[in-house]
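Chain naming follows the written order as A, B, C and D, and within any one chain the residues start at number 1.
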């Protein structure tokens, strides 16, 4: 049963059906598709023979809006794309525009930005862990993860007034000075977080059923990952030791010591281990960073009205889901001519078909969870 | 005591006969299966009344809990609307009619002669309460050989089924 | 009082009374088990659980029951009406019927059949019909798939649970529940200690049999929405719900009777008395416990935010006082009454302990995939159960022929079974991947 | 290949130092004279084995000495022509298909002929080791006669550097698909088709990905007004009479 010329990467053609194959529709309203994702699965019994992801239900045309807003006005829109990791979206966009302007945030701003982005990475991974475990049937981790995530959201709220879509950064630096007690809050969170992470590990890592449900499920080899442009923890779990924070450091990442966790087989279990380890590394970065936050201005000397000279720039950062890139073309006016966002979830989701082949229905749920997609970013 | 006993007996036998008739006449096969189950349960009730508890339990576990589950499984897995559309025929009604007559004659003869020659032994007040042990002793002492043969036969049947199913999986 | 009732139906009166009591108490019990489940789940997940309806959510089950009664009762459009109506009835009647042989106290038993255990197993195996017919009747693809899955799961785990019990019957020597408990009293040890593997197998088998915890495939929310219960709503759905919780209590009851010594007091053979009185030390424990609970409720009463909750909490405290008074009074009553009341207390305590283990598993383990579940059942549990039965058989032969002590004969066989278990678990770890080579 | 100097090289990290008012200590911004000849050797010996890299024109972000007059915003250099190893090799191989190579904000951009897109991409992936297609998108310049810019962002794991290929294509001019070179292009090209209407030849299943399948019009084109909607699709499917 060959699909129309799709040489393996293609979609499920609903017309060509084998003898006893059925099309099962999962979503867009399905408890475990992390948002409005619709997956058309072609099943032979319980085994997935082909799959096609139908997206676009949450498409809000962010890139079109960007062309009708000034650079500063567009910044809050950026938080609404990957609403689970709003701070890193903001960092990516602000640094891209700063590069377009040719300026750079002052050292104090860069260090504070690094701390907040790493806290956001932990929060995003915690939400991923909770919902992923819930899909596979473990009811308890989700509450523990949300309890920790609450602490981080409190720090964001104290700093910039918002918990989820924070709009914490401005082009050129920071809007708000850190509130006094910022370092103590981050320190307190980091200190008791390491003990909490071990608690999750005992609950899941050696749990025979968890291992049984995740080991060998949704395997993605390193070559396939690179060929499909997959980035982030999914790529590192397939064995490619690559992290933008080390390869092309931005903000203040080059000041701190941290490792990049990688695994080799690239299955759901490896991605779980990689993300857990990443949380620990982020904690390390935060601890090193709050040691000496440099004093000095928090805003670069750029005027109120930003008119970057014509030209274009591509700047990308290591968001929790993968490489989040901004390609901005400016025509010299105060409004960007074109803003293109490189969404890690959108491109990682492309690898779903290759991972889901040969899996069972119960695995499909685990695979969607392990790619860690947020539909706001997939559909933009 | 005796009055209640007979009431129960008539209730169970009426239930058995009624559901047997219903079973045969149903068009919907799932309803037929359910009525077959009620017949088997009614006969199990009668065993219980005769205080043959072991037989009651074997009837319930074996027939209703085992074989009938298989029946219902097969009914569910085979999609019925295909078989419904096959043309139903009953060309063998002649053979069936003859057999029915023969059976009817035998029953009538038994009834007629019943109150004289075929008298059943008077119902003992209480069969030894420990009939489970009695059945067990008989089974494993006097009838050891047939018991073994029967179990080997079942084993062969099971292995055969597995081998046949293996190829298709 | 005997002469009032006509002679013919006298032997039937007491069982009917017990039956009525059980059928009335059961929905209430099922409701409070649900509350217990939600409270324990909340406690394990660092939160509070239902607190709004009544003090600490104590009236939540009543609210649930009323809600379910008022909910609209939808029948899918071209569902098979007769089956749709019959299926939940079948599963509830089978669940209630199985209570008849369960000995709550020495006398408190509806019918002491000499095939008691076998009867309960047979009746609870009929529960499959309720599920399968329900799945078939609601005429939707999802519920049929869920029904077939749960039927397959029930069938395969019943054999394992049955074999787990068989190994204990070898020691008990009789099928009647009362005799099993008596055997445990005579041998002075609960069967959980003499046949630990039997208990383990039965525990796993019973969890799978009631579709709970790591084996709750049929209602795996993330895949098949709600399995065979998808199309049911309102009262019909609550019948299924009641059947599930009744099954849980039956399974817990069987385990208590067979493995944990039914209504026997934990230190059954420990007979030191209070100085000067005939009360034994452990007997005082139940009344002290209920007294403690009463004082705790009393201390909570003033702290309740709403006035009505204060009243209800006071009522609960008074109820506990009466209970502890009854337990204390029973000590001085004739032995028949004392054994009845205390026996019931210990039986219920053990049942709730067993249920707590159910809930505990549910909130710690993720869910098995269907093929792993089947592999665990057929390739690990049933062979282990067979080996266990043979082991206990060998132990009995050792004890009778060679005269070894009960303990000496059981230890080697249990260790042998342990060895087999490890060997079995090693080679078919559930991680064996199903992932075949890439599709292309 | 242009190594983006504003990205700090991990190897060349000067020792930790406490707060320094001017610039973050790690930045190797040595104040060299701005008019650096383009092809000078790189100031810092980077560990990467790549070929000779153009200098880091540090003039781009002079340390903001407080003494500088208020808004001393130093505009980034105009896009300067770029002529380094990679560009020479490409020119040698593809001749005039390589239209022009520029350096804008320290990032290498190579403008190529649309017809040769697939061959050049294959060359970049195999010879130049740009093994990951980071992003594929388009920009609409309605005033130009070849209105669309197809922009491919490539990344090389081996040399840890980026390259941007640009190609011009007209209104209904199909562009060769790079799906065979990098499978990542599947959904990216579908999105370009969905948003701009650019047809990619050789794409396995070119249909809309974000917008509904029957939607008329290509939203991200400049002439597609932000308030404009496919009113009949909306009336048909959503039953809303007016557009808004």
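By our rule, a residue touches a chain if its C-beta (ideal position, glycine included) is under 8 Å from a C-beta of that chain, and two chains touch if they have at least 3 such contacts.
Model, not experiment: these values are computed from the prediction.
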* chain B reached from chain A - shortest hop count over touching chains -> 2
* Report back the single chain whose CA centre is most distant from the CA centre of chain B. => D
* Asked: If you tally the C-beta contacts, which comes out ahead, A-C or A-D?
  -> A-D
* **Centre-to-centre distance between chain D and chain C (centres being mean Cα positions), rounded to whole Å** => 66
* When the C-alpha atoms of chain A and chain C are each averaged to a single point, how far apart are the two points in Å? -> 45
* **For chain A paired with chain D, centre-to-centre distance based on mean C-alpha positions, whole Å** => 22
* To do: Would you mind pulling out the distance in Å between where the CA atoms of chain B average out and where those of chain C do?
  => 32
* **Which pairs of chains touch, using the document's own definition** => A-C, A-D, B-C
* Structure fact -> The chain A residues in contact with chain D across the complex are 4-7, 9-11, 55-56, 59, 61, 63-65, 67-68, 99-104, 107, 110, 226-230, 240, 242, 246-250, 252, 254-255, 292, 294-296, 300-303, 309, 311-314, 316, 323, 325, 327, 329, 337-338, 340, 342, 346-347, 350, 379-380
* Taking the complex as given, what residues does chain C use to touch chain A? -> 41, 44-47, 214, 216, 220-223, 225, 362-372, 429-431, 433-440
* To do: Give every residue of chain A touching chain C within the complex, in rising order.
  => 8, 31-32, 46, 49-50, 133-140, 143-144, 147, 203-204, 207-213, 215-217, 219, 354, 357-363, 365
* Considering the complex alone, what residue numbers of chain D touch chain A? -> 4, 6-8, 10, 13, 16, 18-21, 23-24, 26, 60-61, 64, 68, 70-76, 78-79, 104-105, 107, 109, 131-135, 137, 139-140, 151, 153, 157, 160, 162, 164, 179, 182-184, 186-188, 195, 204-205, 208-212, 219-220, 222, 226
* Name, in rising order, each residue of chain C that touches chain B in their complex. => 7-9, 11-12, 80, 82-83, 86, 113-115, 118-119, 121-123, 125-126, 128-129, 132-133, 135-136, 144, 147-148, 151, 155, 175
